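You will see chain A twice below: alongside chain B first, and alongside chain C after that.
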Partner chain A sequence: MSAGATSTAARGRPLVRHYVGTVEEFEPDRFRTFEIEGRPVGVVRTAAGFFACRNRCPHQGADICAGAVSVGTMVPSQPMQYVYSADRCIVACPWHRWEFDLRDGEGIQGITKKRLVTYAVEVDEDGRVAVLMRGRKGAGS
Partner chain B sequence: MNPTTIERDQGAMTAEAERLPALIDCDVHPIVADVSVLRPNMSARAARRAFGADVPVYSRDPNRIPHPSSGLRLDAKTPSGGPPGSDPQFALEQWIDPCAIAAAVLVPVQAGLVIPWGDEAAGSEFLAAFNTHLLEEWTGLDSRYRSVISISPYDARGAVAEIERLAGVEGICGIFIPHGAVALGRSQMFPIYEAAEHHGLPIILHPTGAEANFAEAPRIAGGSPDTYPERHAMLAQPGQQIFTSMIFGGAFDRFPGLKLCLVEYGVTWAAPLLWRMDRAYEQGDGELSGLRRKPTDYLADNIRFTTQPLDEPPEREMLWKMLDLMQAERTLMFSSDYPHWDTDDPTTILTSRLPERLRARVAHDNAVECFGDRLGL
Partner chain C sequence: MKGVIDCERHILLTSLDQVTARLDPAWVTRMTESEFRLPPAGPHAGVQVEGAPVVGGTDPAEVAASLDPDDGEVVLIPAQGIVTSGWLNIATATTFVRAVNDHVVAEWLHADPRFRFAIVVAPHDPGQAAAEIRRLGDNPAAAAVCMPLMAINMGQVHYHPIYEAAAELGLPVMVHPGGSEGNVVGPPVLGGVGPRTPEETFSLLPQVAQANLSSLLFDGIFSRFPDLQVIFAGFGFAWAPPVLWRADTEWRGLRVEVPWVADPPSTYAAEHVKLVVDAAAELHPEFSSVAAMLPEGMLLYGSDAPYDDQGVRGRLEGLPPEVAERLLRDNAKSCLRLGSLDRG
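After this line comes the complex of A and B, so read on.
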């Protein structure tokens, strides 16, 4: 379990910082995966910042962090027109290629109502990267 | 300070899978990363046809409809960087072991390479080398991999010879026909079915990727699709054609023990199509008078379907209704399509998409009834 965890009281259970490495240990657009409090979690560094999510696709449970990360995706358009939007930071599942926004876990183009579980990430002044997760129910802080 | 780095946490999935009967996966795809390894087992003439003569041709785009991303799973590249499905040891580690698969039917869609070839004999020779290679490399490595005999649809004599060569080999469980320009209910195919019935080898059909892409491949009726989603949605159509052609062509009357496995063509269309076929049969003007039974009556005895890609209607009860209508308790077998991009996860399919009453039949029983001892269980 992560040592050096810092608690911040928020909405009932506290947010706990779990340090997962330093900035330079993260290759751009390549997830690194961890087990944090028994949960499979992936952390990725992108041009739009760091993101973290649960390493489980809401569709059929694939390890979504083995998927492709990109800033931007194709958006709805007329047939045979290809319109790209750089508005969103995306992970595409390695299986059926469902895409999810890494900021809020929303399925792109309404492919599903289920959300990818996401976590906040903080980088401190020493370049240490932390995933913020709510502590388990009943766990002391 | 040190969260554990994990490869793949499949604990929950495996626990679910363990509660099901021994799982049989009826669609796992091996590929030969470099088919030129087959060259030493082919004549110079056939090799020239298969691999070309180093004469570059710049003006042919071989694929009418490219895949928008990749036809393969992004997480299934082999440790040495090879394409997904090219390393049987890695497939054991990534799929067969974690999913507790007791037997996997290898469906080598690469056999479809021969569909556009003009040289039938070279096609048969290539497929013989291909069959031997997969038997040695996959089934030879692990007996859970069950191989098939790939044959050319254009060369019935060559196909029968290949069936006779391999039917008695341990590890062989079926016959794969790459679907080309020949309707499978035609009597020219009957020598193949006769050999298949004689040896207790089900006939397996699966889209090869050639459909609507290459010359001599099945077309999509009404005009070719222009995009991948359009083509993918229409892949049921060649499956429906095989189904109709083999029933109305009399294949199951001539060979009552023959089994046809339609892999990856979808399943929910079967019952409505049979209603139409039954009515056509009853109203027929004598053209079908050779058929001893009405089309629906062949279903449970002769025809099997596989699950992937299982339609995902808004409510799963809609799917359950269609499955009941197609007699899924007798006709439906689990398939994953590993390592293709649209792999289905067995636990998700069996426990949250299918009704409990079908789970054991789909996971295991129907495949055992279809393939029998050839699954090596």
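After this line comes the complex of A and C, so read on.
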């Protein structure tokens, strides 16, 4: 799926707004994937809003957007007790279940120092969903 | 090198009289008028190996005289006190180790101020084991607790009373093969259908340590007992790096299954687990490379005398000085209870 784009002035390389559809076209907690400027990008609608990330797990490059999206995960607890915290927005890679926070791309509970690449998402008053990405180097300004 | 600390030096009883001298008449009768026999002294004590008898480890003055004047503390472990995991009579096992401990305290500690001892306990009844740890834990020469394992992994609740007592007294829990692994019901099993020869048994013993290290880490023992230190003696060390690598890798993906493991498992191992380098069989030419694969500070030195003193110390002393000092001395100080022997 490709996406239409308009450009916005920004520091350094331009921040480009790529429209990927309307709100109604996104099922809750299921990624839709796009190729934007040659990059694989997934966009998901959750109870906490829209999120977008690069569709490549920083671990071994799996299509992470095929993984499960959830509002929380288990947090450190006493042995043999489970405590679920529903204050996040998480994607779990389908290959090795590495979890990343979709808000900032951080690995959960320090599982890795590598980050999932994330992008800002805007929804305008007409319900159009846009992913904001910096243009590629040398791609105009 | 000065101040070398021997974390694992076995001593041997030569007669059942040394045990019964510490028992009340009922137990003297039970042990002398039954088929009970003092466990043999062969390496390790529970494994029957044909060959030359073990020499040494029976005379306190002789062992003291064999030490270098510059040596540091020596942890005495009565080899016959750690063979009980295959015994079916729990009362006998518990009573036997109590007498063995009393023998060590009465007959060995006075021979050299560097002598320390490991309180040996039978693992069958953890309440009794904890009581034995508390009975002797105030002795300033007690440096550790030592026990064989049951076919119950170390992360399970069975061992909690032992960990609680040991941690309370600042004593590390040293686990050591009991000699009957894979042979009888009770001790840990070994892979496949079980070894047929002592050589096979010794070759496969690391399986027991691997399973138990994994259990300690994933069952959250070090979260539950944050002051606990565990020492694996007699199992070697080269088995550990792959276990820790796999544990860390699996934890990254399956962390939600064990959320109480809040950090990579190897970080708990680095803080709470030590491995004794005690066997010539582990001194492969690539020894240093394998040792470097472990988190720093995990290795201790044990002579394993009188069983396996085949140049292990010499090899370790040949390592770069900063590595040798940690391995032969400093790591032990951070783990064993080696306070002053002066009471009060």
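The rule we apply is simple: the second predicted complex is superposed on the first by the 136 of 141 C-alpha atoms of A that agree within 3 Å, B and C clash if a C-alpha of one lies under 4 Å from a C-alpha of the other, contacts with A are read in each partner's own complex, and residues count from 1 in each chain.
Simple rule for what comes next: contacts are C-beta pairs under 8 Å (C-beta built on N, C-alpha and C of every residue); 3 or more make two chains touch, one makes a residue touch a chain.
As the structure is a computational prediction, the values presented were derived from the model and not from experiment.
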Which of chain B and chain C A:Ile111 touches, first, second, both or neither: second
Touch check for A:Ala62: first (chain B), second (chain C), both, or neither? first
Using the touch definition from the top, say if A:Arg32 reaches chain B (first), chain C (second), both or neither. first
So, does A:Pro40 touch the first partner chain B, the second partner chain C, both, or neither? first
Can A:His96 be said to touch chain B (first), chain C (second), both, or neither? both
Of chain B and chain C, which one contacts the greater number of residues in chain A? B
First (chain B), second (chain C), both or neither touched by A:Val20: first
For A:Met80, decide between first (touching chain B), second (touching chain C), both and neither. both
Those residues of chain A which chain B touches in one complex and chain C touches in the other: 79-80, 96-97
Can you name the residues of chain A that touch chain C in the complex? 59, 73-83, 96-99, 107-112
Chain C residues touching chain A in their complex are 219-221, 223-224, 251-256, 259-260, 262-264
The answer for chain B against chain A in the complex is residues 1-6, 8-9, 13, 69, 73-76, 226-227, 341-345, 347-348
Given the complex with chain B, which residues does chain A contribute to the contact? 1-4, 18-20, 32-36, 40-41, 55, 60-63, 66-68, 79-80, 92, 94-97
